[in-house]
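You will see two complexes here that share chain A, one where it goes with chain B and one where it goes with chain C.
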Partner chain A sequence: MNSSSVSSRFTVLGPYPRTAVAVLLLGAALLFSFGGMRTSLYPELLSVFEWMETTWFGYVGKTWGGAFALVQGGHLVSLGVLGGSVLFSDGRLLGLFSSLPIRDVIDGAHKVFVGALIVVVATGVFMVCGVAVKVYYLPVFWYKMLTLTVGVLFAFFVRKPLLDRNIDQVNPWVVRLVAVSSVMVWFTVAATGRWIGFS
Partner chain B sequence: MSDQQKETDKTLRDDTLAAVVVSGSIVTFFIVYWFFEIQSVRELLEMAYG
Partner chain C sequence: MNQLIYDIAVWLDDTAWSTAIHESYYLYNWIEATHVLTLMLSLGILFLIDMRMLGWALPNVPATRLAEKLNAPMLVGFVVMFITGILLFYAVPVRSAQSLWFRIKMVLLVVCAVNAYLFHKRMTQSLASWENEPKAPSALRRGAAISLAFWTVIVVCGRFIAYDWYDCDYGQTDLVRALAGCIDGQTRF
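Let's look at the complex of A and B:
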């Protein structure tokens, strides 16, 4: 084998592309928030939210309370399942359930996490359609979307690639840091979701 | 050390560094947010009850 595979890591983003993308995304998020782009884009999104209320989902959500409540029940149950998978997996990384094989816990919990996330997003879209214009004006709705986006990106592009390898190769303090921040993010997603209900 | 081992080590360093940057940002945000949130609640309680 020659050095071609080693040199392939030297992409246009440098020798550490994942880190470079993470730093670029964090910088872009800060620029978007504080650089004026967020305030200029916000009014243009109103028409999208108004349109969402005119869709079939929006019509059913607004006129049939039982359907909305049923879907909301599915949303909350799937969020509970998602939270359970996060706590189980991250708890194992933090040293809980130490009698269980760490690889089985991480892989099994991730499958449950993906399934629950699909249901959370699908039911969430339906629920937003029913009250689209109301949530458009709620700052906490945007906090939830932000934390959900951060949580999904973190789970699939930071946490999973790190934990897909042999865990013993990874610095244990980094594993604990990842587990703690993962729990923080998903608790915030759940908390902001309930906050919408109280707004 | 073989080239494949070097490649694996470099990928591990990249994934670890990305995890530290993102997780550190999340934890730092939470510490700063809750510091000011708790400070705000304490000030409100002081105004209300002295």
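Let's look at the complex of A and C:
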């Protein structure tokens, strides 16, 4: 299939093919969550979480409390950097820091966001391995996974493609809506993550 | 000195509001969650400025203008962290005051405050000469590196406070007892 046939295939989706894909994926995720599939798959996943505790990460996490706490600290720092990049970039989109060049802010903040997200996910996987069976039974852990999925899809399939365009040509209310949504999504990811610790 | 700190902590512990916060599941957790989530506003933005100075991020964004513009939201974040931090201390005053990690954290906070003051002073003195350079002058880069390193340690110490490895009610070495400020015969922990 050549590139022209690919682009002609996407014309039916209008100018936002990746957005449409993201919406479809979100729909599929909601169907998965609230349909019968989730409850039928859930018991099968227990063996995966039990296996996670037997990995080297799981062993270290359970045996050395200091190592676990250290990684928690790294998780928090990277969460802070991720949140800082989101607030800075979305703040700029909302009209704050208006003397700073919008393109450089968005592109520069996105690189920081991607780096921080990688560290957040890597340290998060380590932490889950240490308490895998415990979090398996926590509803808030699954809420966090859902919001994290939504956040990643939103960042890479909605926000990024939209902002890669000439921002001056995008409806300002769409830009503001994307910025507010982005802040809310990542705040929810962080808040549900914090609530895991209280559960 | 440790006796005085202990006496003040016990006095705070005896107040009704301290007990109320400590025993309220939702209020305590809301305060703690706010304290942690404000990291995104305070530390996240501070690290953006530090990384810009070191040439690790946002190389095309004018450096001093970035620092000036982000100063206000960052300070708002630190004020919220400060207030919620005081409330967290007030909720569990004796254990917090005798936490080795809490004490290290407080010392590092003072070091970071001094570093931030010197950083800001140097930045205003050298204004605009390097505004569009990808890296700040070496003195500012040093300050940014100290800020990144020490704030990371502060967050880790904050995380360590939750663990009871060096609590006074366990048998500790003389060094740990001295550093944590444990009092012989103390009845409140």
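We take it that the second predicted complex is superposed on the first by the 179 of 199 C-alpha atoms of A that agree within 3 Å, B and C clash if a C-alpha of one lies under 4 Å from a C-alpha of the other, contacts with A are read in each partner's own complex, and residues count from 1 in each chain.
Criterion: contacts are C-beta pairs under 8 Å (C-beta built on N, C-alpha and C of every residue); 3 or more make two chains touch, one makes a residue touch a chain.
All values derive from a computational prediction rather than experimental measurement.
**Student:** Which partner does A:Ala155 contact after superposing on A: first (chain B), second (chain C), both, neither?
**Tutor:** A:Ala155 sits against neither chain B nor chain C.
**Student:** Looking at the overlay, what does A:Ala22 touch: chain B (first), chain C (second), both, or neither?
**Tutor:** Touch status of A:Ala22: first partner only.
**Student:** Have a look at where A:Val189 lands relative to chain B and chain C in the superposition and call it first, second, both or neither.
**Tutor:** Neither partner.
**Student:** Applying the document's definition of touch, where does A:Val178 land relative to chain B and chain C: first, second, both, or neither?
**Tutor:** Touch status of A:Val178: first partner only.
**Student:** Determine, under the contact definition given at the top, whether A:Leu117 touches first (chain B), second (chain C), both, or neither.
**Tutor:** Touch partners of A:Leu117: none, neither chain B nor chain C.
**Student:** Would you sort A:Met52 into first (chain B), second (chain C), both or neither based on which partner it touches?
**Tutor:** In the superposed model, A:Met52 contacts neither chain B nor chain C.
**Student:** Can you list the residues of chain A that touch chain B in one structure and chain C in the other?
**Tutor:** none
**Student:** Residue numbers of chain A touching chain B in their complex, please.
**Tutor:** Residue list for chain A touching chain B: 1-3, 5-6, 9, 15-19, 21-23, 26, 150, 154, 158-159, 161-162, 165, 169-171, 174, 177-178, 180-181, 184-185.
**Student:** For a test of understanding, state which residues of chain C touch chain A in their complex under the given definition.
**Tutor:** Going by the criterion above, the answer is residues 29, 32-33, 36-37, 39-48, 51, 57-62, 65-66, 69-70, 73, 151-152, 155-156, 158-160, 162-163, 165.
**Student:** Where on chain A is chain C touching in the complex?
**Tutor:** 65-66, 69-70, 72-74, 76-77, 79-88, 91, 96-97, 99-101, 104-105, 107-109, 111-112, 186-187, 190-191, 194-195, 198
**Student:** Given the complex with chain A, which residues does chain B contribute to the contact?
**Tutor:** Answer in residue numbers: 2-4, 6-7, 10-27, 30.
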